Amino acid sequence: MTLEVRDLSIRFGGVAAVTNMSLDVNAREIVGLIGPNGAGKTTFINCIAGVAQPDTGAASWNGRAILGLSPADLLRLGVARTFQSVVSLHDLTVLDLVKLGAAAHARRGRGFLSQFFGSDKAVDEEICESLLAPLNLVDVANSPIQTLSYGQRKSVDLARALACEPQLLYLDEPVAGLTFQEGLNMGAVIRSVRDRFGCSVVMVEHKMDVVMSTCDRIVVMAHGARIFEGTPAETQKDAEVRRVYLGDA
Amino acid sequence: MLGLQLAIAGVATGSVYALIALGIVLIYKCSGVVNFAQGAYAMLGAYISYFMLRLHLPAVVAVLAAMAIMAVIGAATERLILRRMLKAQIVSVMMVTLGLLIFFRALCLAVWGPDQIAFPQIFPAGSIDFAGVYITYNYVAAFALATTLSVAFLCFYQFTAIGLMQRCTADNTRAALAIGIHVSNQISIAWAASAALAGLGGALLATLGGLSLTISDIGLVAFPVIVVGGLDSLVGALIAGFLLGVLEAFTEGMLTPALETVLRKFTSIDSVGALQQVIPYALLVLMLLLRPQGIFGRRGVERV
Amino acid sequence: MKKLTIAAALACAIAAAAPARAEITVCTWGTITGPDALVNGMTYGTRDYLEYLNQTQGGIAGNKLKVLMLDGRYKLDEELKIYRRCADQEQAVVINGWSTGASKALRDQIQEDGIPFISESFASEVLDPQKYPYTFIAGPTYEQQIIIALRDLAARGGKKVVLMYSDNEYGRGPVNVVRQSGVIEKLGLEVADLVEYRYDAQDVTAQMLRIKGKNPDLVYVQGSTPQLLVALRDAAKVGLPAKLFMGNLYNISPAIPEQLGAAADGFRAVQTYAFYGDDIPAMKEIEDYAKKNEVEKKDIYFIKGWLKGKVIAAAIGNAIKKNGGQVPADLKAFRKSVRDEMEALKDFDDGGITPPFTYADHQGSVQARIAEIKNGKYTPLGAWINAR
Amino acid sequence: MTKRSFLVALALAIGFAVVGFESGRFWAYLVYSVAIASIGALSLNILIGYCGQITFAQGALIGVGAYGAGIAGNAGWGAASLLVGAVCSALVSLLIGLPALRLRGLYFAISTLAAQFILNYLFKILQPLTNGVSGLVVKPLMLFGRPANDEQYAVICVGLLFLSWLVLTRIIQTNVGRAFLVVRESELVARGMGVDVARAKIQAFLLSGFFAGLCGGLIAFTSRLANPEAFEIGLSVDQTAMIIVGGLGSLGGSIIGAGFVTLLPEAIERLGELLPSADLISAFREMAFGILIILFLLLEPRGIVALARRIFARRGAAARTNLPDRASYGSGAISAQNGRKA
């Protein structure tokens, strides 16, 4: 149950966004990917999430090459992601979005005819219990997403990603835009999700306090490359990291 | 001979297409709005010119006055309506311009009635017989006026301070704001300019084919022009306008008779109908699939 | 809930606006706005004649007429709606409709409803007294008009004819009927070319060049006035004289000489009614009417409308007379009676608009003559001839 | 769909069917005109309102359905010809939609404009199939051995509208429909969520085309004539106006919008007839239509449905979820984000 990324590089026009980036993630591990703006973190995630196609490099999940697979293929392999900016999905309710997420997973997805003729009641209850309750979303299960707060929308996105029972979860700035308290809560939620679902997590994040308190291991990127890797405590102590990143902040 | 005659007719109508398309592209570049009401501006311009000419104003003054009024109407549309729709969905913005088209048509219908009206001849009647090719003064005048104005406009756009600000706004709104350009004024100017251009186009169309509500159809005819030329290219609109005018004339004058001869021989179909109006659209689809940015447009426009 | 409220509000608006029922209602719809509005005198004329009766004689046999003029805008759905309104809501005794399309779409319905219906269309497809006993037209069909023109050409020793027509039903239909009937060959003529143009074309230069290449003796244009304006203008442009062209009834419009000037001189058209301003008894009535009212369209189409008004009034008057001077209480019987009386009109004198006619064939006068534009005015050439 | 909304819809359907059947031919005509337009608007709303694919070819697509059903009907297929028309339209709609797999937004919309013109041209040209500009005279639908009359059509059309509404309401509550909504908001996000964007679009075009064809078939049978002039760009504009006035992304709104756009001109005309000498009432009616579209887009871009919802929400604010609080909470969070970035 490991993710292995080797020497991944991607250029946009003349700009090297990511250069020879490597990353390993073990089972049930939460890895934080940090770095200043423009360090290439999201681009890197996009590459291994099937959105962007890297120029060189290799990546495998449980020994299977994953570069070039579409997000749908990745979901079937148990790799899910959340999004940095939450689009306001106007008319969808929380349950709708979560069900759509579940559809990517073979066991949870239901056939069209059973959806068309059947009642959703049982499914709704199950989703509420297993996914929405841990994320404090049961109260708003039937609300349109546009009526939710920013923080709640981030939780919904997370619930949607969890609905297809991922074994590897990419979180793209899960805390960005949240208030301090919401951020801390989200950190706790992420840890409990890991414990509950037993998945590995790669999270890209700016907010140091949340990263430090949530992650098992931290990888620091700058100018498209890895400059440091270690535990949160080590990261905070490292002079180079402080110079390029913490000093900037 | 036939070919030359057709080419001349095509260039004359093509020059009007170019004027209309120029306006659509200008508005699109500056404000991102696809203006279906451009045909309505042409129609209004024609009716207002007619009104001015009936006041016995000299033709030049009348048309200039009509263009000025059109500029005001164009800017007013932008200020009163489009400005409030900055955050609206594309379909809403398209629909609002269609609403304008319907409104202006109805307005002209109420004021000037449904009948076709004889447009006062502002150019001398008759034609030059040039070795069997008839060139009417109308054609010459329409072509000369449309081309001069388009080129003058392009120069203005390229070489003056306002033109520079216009281009800057069209290129990158945020950057324009950042360097202190009053962007919303620039957008109004763009609308005013394109409404005025369309107004002139309408007046020219009325001299070529009489004054009626159908002038507003030119707005839809112009869409293949802007797509073929490139939605964001003014020069493209100009060239594609001429191209399509000529293409239409040749379709009507040569392709249609030839096709009909064949069809009548082998099928029960007598006529291919208004083929000249469909060919530009067929070309448009082809263009969109092969080179969506048009001949002169820049890459990277909306495409998955 | 909202849906109900809105529906109720609209229903109220419509119901409130629905006026009280008059005793005798006549409906006439036309193209008040919309394409071909140039010839909408046909609708105004009918309304104005019936209003004239209301003003001078208190209606028909002492019964005031309610005349409803509606705008179908040459749109099928609009016309279908208006028909239902006239037939059902307004309880019209006679309906005067407009387009060929609507007349065709409604032709079975009209017979079922048993409402006398005068179509403005001259299409032969709606004219069949056996199959469509309630449908009438007022004049020679388009086909008959074309044949008159062709006969004239043959008489003058011409040979090659180009048929030019708009790309709609009005254009294509009659031309096809004439071509299939074999009349052209019988007259020893030859179709040099068929040229179609868009009905809202603004420029037909290319078509004119095509015609010029064929060097015909006659170009018959099956079009309406706006198209003739474009055609004659572009013909002059490429050096084809107006004399070469001939059109039907819908091309007798003062707009043609007015807008084209000398370029229109020599153009000929088939004339089936008297001109506006001719010295005939009907014109006296119109002048009388015009003293107190505004006449919207002063052209031959208004005259046609006036004629239809006379036909409708005569049929209604006879029906009332048959019923002992009373308006029949049963609308269905009244409609049937009006239809019968319309068909029974014999040697009907319409005040000189046409020679006296009999309406048994549901066509009325099929007399026509050819009119030519001379010095900016339509001038009849020769006497009325029978189109049949 | 809750049980309540189902019952309300059923009651409304029965109510309108009764109005159509009992109030004379003119009202029957209005009822079925609105019902037919509503089916078209439902179909268009699926495509534009739910899946975000802007199309201007709706008019021609309805035409395809009308010709398909008309030809089948004249060949003696009876009521099944409605299905034929619907399938024809669905296939043509798919064809029109294929460029949507490559083009997006504006560019796709312009390509549908081309489709509208080309199809309308084909109606006029394919004489052997469509009877060209003369229009195809359609034999009436036979009911109990007699041609169906206006009252019967009113019942049939309202019934079909109810069925269409039911089917579409169910479909948008499956993952197929949910995928449409996500595709509308962002194709990128949709893809990231594992939604097959191409498949969703194709499904939307097929579904929308099917109901557009049903609408066309009903037009053919009720008007007894399928002619090209009835399926021009103006019909596309009217249909788009319906869904915008009613509410993009709301099925109930499509029906309200269709009623509004179909009945408003008649209402204005009747009011205008009360005025003396209103020969040009059509001009004013068109003007009102144009102004109405503009006003709706400016003041209530989400249509009558949103307006109604707002009114109801205000009335029942205490009982319902406290939306305003949530909204301010959300915006507070966003401003906090901006503060951090600054």
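For clarity, chains are labelled A, B, C and D in written order, and residue numbers in each chain start from 1.
Here, contacts are C-beta pairs under 8 Å (C-beta built on N, C-alpha and C of every residue); 3 or more make two chains touch, one makes a residue touch a chain.
What you see is a predicted model; the values in this text were computed from it and never measured.
With contact taken as defined at the outset, chain B and chain C are each touched by D.
Each step here moves to a touching chain, and the least such steps from chain A to chain C number 2.
Between C-D and B-D, more C-beta contact pairs join the chains of B-D.
The most centrally placed chain, judged by C-alpha centroids, is D. In terms of the distance between Cα centroids, chain A is separated most widely from C. The distance from the centre of chain C to the centre of chain D, each centre being the mean of the chain's C-alpha atoms, comes to 37 Å. Chain B and chain D have CA centres that are 31 Å apart. Between chain A and chain D the centroid-to-centroid distance comes to 39 Å (mean Cα coordinates, whole Å).
Measuring from the averaged C-alpha position of chain A to that of chain B gives a distance of 50 Å. Under the contact definition stated at the top, the residues of chain C that touch 2 or more other chains are 32-34, 167, 172.
Of all residues in chain B, those touching 2 or more other chains are 109, 113, 270-271, 273-274, 277, listed in ascending order.
Applying the touch definition to every pair of chains gives A-D, B-C, B-D, C-D. Of all residues in chain C, those touching chain B in their complex are 31-34, 37-38, 40, 167, 172, 176, 193-194, 196-198, 200, 202-203, 205-207, 209-210, 213, 225-226, 229-230, 233, 237-239, 255, 258-259.
Within the complex formed with chain D, the residues of chain C that make contact are 1-4, 6-7, 10, 13-14, 16-19, 32-34, 69, 71, 73, 75-77, 80-81, 84-85, 87-89, 101, 104-106, 108-109, 167-169, 171-173, 296. Interface residues of chain D facing chain A in the complex, by the touch rule stated above, are 170-171, 173-176, 178-179, 181-182, 185-186, 188-189, 191-196, 249, 321, 323, 326-327, 329-330, 332-334, 336-337. Residue ranges on chain A touching chain D, taken from their complex, read 49, 51, 70-72, 74-75, 81, 83, 87-92, 96-97, 99-101, 103-104, 109-110, 112, 115-117, 120, 143, 147-151, 153, 160, 164, 176-179, 182.
On the chain D side of its complex with chain B, the touching residues are 48, 54, 99, 101-107, 109-111, 113-115, 117-118, 121, 124-128, 187, 233, 237, 240-241, 244, 248, 280, 282-287, 289-294, 297-298, 301.
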